[in-house]
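Structure in C-alpha cells, see below.
All chains are identified by letter, namely A, B, C and D, in their written order; residue positions are counted from 1 within each chain.
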Amino acid sequence: MTHSIAILGASGYTGAELIRLIAGHATMKITALGANSKAGQTISQVFPHLRHLDLPPLLQIDEIDFANIDLCFCALPHKTSQEVIARLPADLKIVDLSADFRLRDPEAYKKWYGNAHAAVAQQEEAVYGLTEFYRDEIRSARLVAGTGCNAATGQFALRPLITGGLIDLDDIILDLKCAVSGAGRSLKENLLHAELSEGYHAYAIGGTHRHLGEFDQEFSKLAGRPVQVQFTPHLVPANRGILATVYVKGDAEAIHNALESAYSAEPFIEVLPFGEAPSTRHIRGSNFCHIGVTSDRLPGRTIIVAALDNLTKGSSGQALQNANLMLDIEETEGLMMAPLFP
Amino acid sequence: MTHSIAILGASGYTGAELIRLIAGHATMKITALGANSKAGQTISQVFPHLRHLDLPPLLQIDEIDFANIDLCFCALPHKTSQEVIARLPADLKIVDLSADFRLRDPEAYKKWYGNAHAAVAQQEEAVYGLTEFYRDEIRSARLVAGTGCNAATGQFALRPLITGGLIDLDDIILDLKCAVSGAGRSLKENLLHAELSEGYHAYAIGGTHRHLGEFDQEFSKLAGRPVQVQFTPHLVPANRGILATVYVKGDAEAIHNALESAYSAEPFIEVLPFGEAPSTRHIRGSNFCHIGVTSDRLPGRTIIVAALDNLTKGSSGQALQNANLMLDIEETEGLMMAPLFP
Amino acid sequence: MTHSIAILGASGYTGAELIRLIAGHATMKITALGANSKAGQTISQVFPHLRHLDLPPLLQIDEIDFANIDLCFCALPHKTSQEVIARLPADLKIVDLSADFRLRDPEAYKKWYGNAHAAVAQQEEAVYGLTEFYRDEIRSARLVAGTGCNAATGQFALRPLITGGLIDLDDIILDLKCAVSGAGRSLKENLLHAELSEGYHAYAIGGTHRHLGEFDQEFSKLAGRPVQVQFTPHLVPANRGILATVYVKGDAEAIHNALESAYSAEPFIEVLPFGEAPSTRHIRGSNFCHIGVTSDRLPGRTIIVAALDNLTKGSSGQALQNANLMLDIEETEGLMMAPLFP
Amino acid sequence: MTHSIAILGASGYTGAELIRLIAGHATMKITALGANSKAGQTISQVFPHLRHLDLPPLLQIDEIDFANIDLCFCALPHKTSQEVIARLPADLKIVDLSADFRLRDPEAYKKWYGNAHAAVAQQEEAVYGLTEFYRDEIRSARLVAGTGCNAATGQFALRPLITGGLIDLDDIILDLKCAVSGAGRSLKENLLHAELSEGYHAYAIGGTHRHLGEFDQEFSKLAGRPVQVQFTPHLVPANRGILATVYVKGDAEAIHNALESAYSAEPFIEVLPFGEAPSTRHIRGSNFCHIGVTSDRLPGRTIIVAALDNLTKGSSGQALQNANLMLDIEETEGLMMAPLFP
C-alpha cells in the first residue's frame, strides 16, 4: 500500500528534512511539492543534496491537486500557514509544522503572535502534536499542530515531573542552547556564517520567546493551576540541536525514576543512567531525545539535561511520527535511523 | 534470511559508521564487535549516539567466535589489520577498511608504508574494493581491500578519462580538501578543535601521501604505461567530506560525456549538468558521489570537481556496498539514505 | 625603560596568549621562555603564528637564569605550578595562571584539588588576581594568583549585587557556555575537532567543577556568610569565549544600576544598556567583559549575562593587567586592542 | 601629530576591520564615518565589538565635511565606490578598498565588471595598491586602489618567479581556499551558517572570477607578454583566511631562493623554511603573509602555498599600510599585532 503525500513549504529546512525522512519510508510517496517563492524550480536546484531522488517539481500551492493526497505536511511560515490551511479541503489530513495551531486559546495566540487568528475553526479542531503525550488524540485527528522545537525539548524534561508533583512549580528555569537551523533559511544578518560562527549569545531573554505560550498552556493544564517557567534560549554555532538545561527544586532520584518510568516504553526517548548527561552530537540527524538527571551539591536541587535535533524530533521527525499515527502506519516507520556522528 | 556480521575495530570512526549503516540494513545483524583497547566496554560508552541499538559488547578480537560469522569487517589501523587478518579463518569473508591490502605489489607496499608486508598470501588474493570498477571480482572475492578515501575520490573523477584516452596523462593535478574525520579518532595535537577550527592548510605536499600508491597502481594499469599524478591534500575545518578539484588537459565536453556515460547506470555516482559543481555539504552522511565538469577559459583545459563523504562512500559505505555484493544481497541495500543537510 | 619578562609554560595556550599580548606592550620584553616537554624547540615550531617575533628559545625551567627577570608569568598546569614556584627566587615577582594559589584555605584547596598543597607559604602570601576588586593588594603583591576563567566571569556579574545586598543569596544559578581553549592544549578524545564540532553538552554538573571553590570563597567573604551557587558549565564548539547566564532573584533595575555604578570607571568592563545582552563574538581576542541585564516576566527575577574571552580577560589578559600593576606600569598597557570580528 | 581619518562604508567587514586597526594606530584618529544604509546609527549598534571606542556616529556620505580630513578610506561596494569617489574633493587622499580602480585599462574593467567605468579620470590616476611592489608610487599617490584579496595572495606567491623567469608562464594553476568574510556582510542564502558550515565547494570555476583581471594585468606587465593563469576559488567554513596552493613548473629550490630574496626585507611577508607550509590559522587577524615552497616528486614541478587574512593583509591591513606611506608615517604603524590563535 502506498500513501500519497504532499509537502507545502518544501524549500525550507523542515521541508527538506521531511523529504529526507520520507525518502526512507516504506509506504509514503511524495506526489506534490509546494513552495511559492521557488515554484517552477526542481528540488535539485533548491536542495542539491536531494538530487538523487525522483520528486515532482515545486509548484505554487494553488496549482496542487489535493484530490488523491492522503496527508499533507505544511512546513510554511506561521501566519502563512493558517491562511493556506483555511483554504485546503476540509477532509484533508494535515500535519502543520508552523506555530499557528499550537495554542488552544485564541487570546493566548494573539498575545504571543500579535495578530488575530485567521483560521479559528481549524485552531479549534487541531491536536497538539507532542506525540508521546497526545498519541490517542493524534491517531484520530484531522489536523495536528507540530510543537515548537524548544517547547518539545522542555516538555520532555518536565512533563512527568509536573504530573508526578515532584518539583516546585514556581521555580523552574530552562536554559536552552539552540543550533541555527531552528531559525530557518531566512536571510538575516545574524544568521550569516561570519556573524554566528565562533560566537554565541542569549536572545529573547526574560520571557519574550513565543514558545513560552506552549509551556504556559501545557504545564498549566498538567498542573491544574497556572505555571510559568523562566526560559532563556541561546544561539550556538552549530547547525542542528537543542540542549535544554533545566534547573528544578525536587529530589533527583525521584525525578530520574519518574522519567525512566514515563519513557520506558517510548522508542525515541532515552533516559540516561543517573548522573550522565547527553550531548547534541549524539542525537544529530535522528529522532531520538536523550535525557540525563544529576543532583546538585545543594540538597533538593536537580539539573535535568535534554537533547534532541530541532529539525528531526523537534519538528519534521515529530511530524512524520504523527503522520504515521494518523495513517495507521507503524509509528516508528522511517524514523529509526541512527544519529550521524561525527 | 539474516547475515551474521562481525566488526573488528568498532571503536573508531569507520567502525561507528559501519554500525550506523548496518542498523538500517534489511538482513545484516551485528553479532560480534571487536575493539582491543576498549574491550569490555559497551557501545554506549564508546559511542553514545548508538545507545539505542541492541548490540553485543566490545570484545578482544581473540575472544570472538567466527564460526557463524557470514562476513567480517576489519576497521583496524593499518599494520594491525594485516596481522589480524593473517590469523582469521581462511574461509571467512572479509572486507578490510585499512590500507593493508590495497597495493598488489609487495614492493610498492613497502615503499609507501615502510615495512615488509606480514600477510603476503592474503595480499595476493585481495581484490581492490572500488566497487564501480571491480564489481565482478568483488562478487566472488573472499577478501576485499577498501580503497583510500582520497584515492576513491580521485579515481571517480579520472578513471573514465584515462580509459577513454581523453586527457594528457603527464599533467594531472589533484588538489583535495579533506575533512578531519579522515584522520581517525587519534589523539594528535593538530586534530584538536582549538588547533583545527577556523583554519586550514595543505599537508603531505609534493607526492608523499600514501594514497599516491593507489593512484599510481590503478592509473598505470588503466593506461598501460606509468602514470604519476600530482596530489596535494588539505585539511579543512569540517568533520566529513572530501572535495577533489582535478586539473587536466583535455576537452571539457568530451570529458563530461565520458563521465556521464560511465556512470549513467550507477546508483551512487551523480554527474552534474555541465558547468555545475558539487559541494561536500550535499553528500554528507550519504553514499553518493557528485561530480561536476567545467571548461577553463584556457582552451583545452578542464576542471573536474568530485565530492563524497570520506566515512561513507570513501570507506564504510563502500565497504557495505562490497559486502552486499559478496553476500549476494542487493548492492544498494542499507545505503540509499539521503544526505544530512543542513 | 624595559621590563624583563619570563614565561614558564610557553607552549600552552595561555603561554601563547601572553606572548601575543606582550608583543604589543610598550615596555615589556620577553627574555626567557620555559616549556619543559618542548624545551629545545623554537617558538616558531611550537606556535607558528608567532614566528615573526624575535624570541628566546624554549628552555627547561631549570636552565633559566632569573637574576635579571623583573616578573615571571607561570602558565603551567596546576600541581606543577606550586612545585615550580616553591623553588623560584623568593623575591621574584610572579603572576601565576594556574589554579594553585587561588584558594586561601589549605583545606578548601585539598577538598577541590584532591592533594595537600606543596607550597603553603606561597599560598599564604598570594593575592587573588581579580584585578577590578583586588587592585591595591595586587599593586604591592609579590605573587598574584590568576583567577579561574569561569570564576572571573561569574564574579563580574555577581560581586556588586552581593555587596549591595540586592539578590537572594540562596538562589543563584550560573549556567556557563565555555569555548574549548579553556581546556588547554591537552590530548583528550573529547577535545578533538571531530568530537566537539557541531555539538555541545554540559559537564561537571551538580557542583563538582573546581571553580566553585573560588565562588564559595569569594562570595562568602563578600556576604559575610556562606554562599553556595549552582554552576553548570557547557562546552560549545568555539575556540574562545565564556558566556555566563546568571539567574537571580532581585530587582532588575537595581541590579543594572549597581553594575553600572560598580564598573563606570573600569576600562575593561562594559555594562550594556538595560535589556541588551552580550555575545562572545564581540569580545573575542580582547580584554573586555560585556555585561547585560534583563528583567524576567516573573516579577523579582533577573537574568544577567556576562561575556569575556577565556584566554584574554579570563586568563592571560588578566595576568598582564596584574603584572602592569605590580610593575607600576599603566594598567591598560598592551591590553586595549579591539576584539577580532568576524 | 594627529591624522584625521574618514571611513566610508563603515558598516561592512572591511570598514570594521579598518576601525579595529586604526584604534591601535599611534597618530590616526577617526573623525568621520559614512554608511548610507545604516546612517543615523552608532557604531555600537552596527558592530557591538567596537563599543568601547569613542567614535563619531554613522553619517550619510553627503553629510560628511571632508575639509579637515587627511585621508579617506572607501570601503564601499564596487560601482558605488567609483560614483562616490568621482564626487569627493579632488585633492583628498583616498585609499579605495573596492574593485573599482584596480584595472588600468577601461576595456578590461568593462570586460570583467560589465559596465563602463564612471570615473575614468580617477581610474587613470589610481595606483595599484600591492604595497610591496608599488611602494614608491603609493607614497606619492593621491588615490590608491586596494587589490583583490585573492589577487594579493596569488601575486605574493608568483611575482618574483615571473620577474625571475623561473617558471613556465603557460602552466600556472592557483587553487584558492577562501574564508567567508571575503564575501562581505551581504544577505545571501549561501552565506548563511546553516548553508556554509560543515561543507565546502568550488565556485567561479574555469576563469570567470573577477580577480583574474588583476592577475592578467599584473602578470602580463611583469612578463612583458600575455600571461593567463588558471584560478579556482573555493569557499571553506571559516571566517578569515585565504590559502593559495599554486602549481608551477620550475625548480623548487630556485623558486624558494627567489622568494626568500624578494621578501627578505619585508616586514609582513614570511617565507618559511624549504618544505614547510603555512596555515591560515597562523596569520588570522594579522597583516602577515606566510609562504611555503615544496618540490613535487615529479621533477621540475613545484608547489607554493601562500596564506594571509583576507580582511587584514588582503584588504584593510593593506589599505592601512598604504595610507601610512601616503601620510609619511612608518609603514608598519598599527599593523604589527600578532595573529590570534587559537
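Assume a residue touches a chain if its C-beta (ideal position, glycine included) is under 8 Å from a C-beta of that chain, and two chains touch if they have at least 3 such contacts.
Treat the numbers as computed from the prediction; the structure is a model and nothing was measured.
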Remark   = The chain pair with the larger count of contacting C-beta pairs, comparing B-D against A-D, is B-D
Ask   = Centre-to-centre on C-alpha atoms, which chain is most distant from subunit D?
value = A
Inquiry  = Taking the mean of the C-alpha atoms as each chain's centre, how many Å separate subunit A from subunit D?
reply    = 45
Task = Can you check how far apart subunit A and subunit B are, centre to centre, with Cα atoms defining each centre and the answer in Å?
result = 36
Key: Averaged-CA centre spacing for the pair subunit D and subunit B, given as whole angstrom   = 39
Task = Provide the list of subunit D residues touching at least two other chains, using ranges where the numbers run on.
result = 13, 181, 194-198, 237-240, 278-279, 281-282, 284, 342
Note = Given the complex, residues on subunit A that touch subunit B span 13, 16, 19-20, 23-24, 47-53, 181, 197-198, 239-240, 270, 278-279, 281-286, 288, 290, 336-342
Ask   = Contact residues on subunit B for subunit D in the complex?
value = 171, 173, 175, 177, 194-203, 205-208, 212, 228, 230, 232, 234, 236-241, 243, 245, 247, 275, 277-282, 284, 294-298, 301, 303, 305, 307, 342
Of subunit B, residues touching subunit C in the complex = 13, 180-181, 185, 187-189, 191-198, 237-239
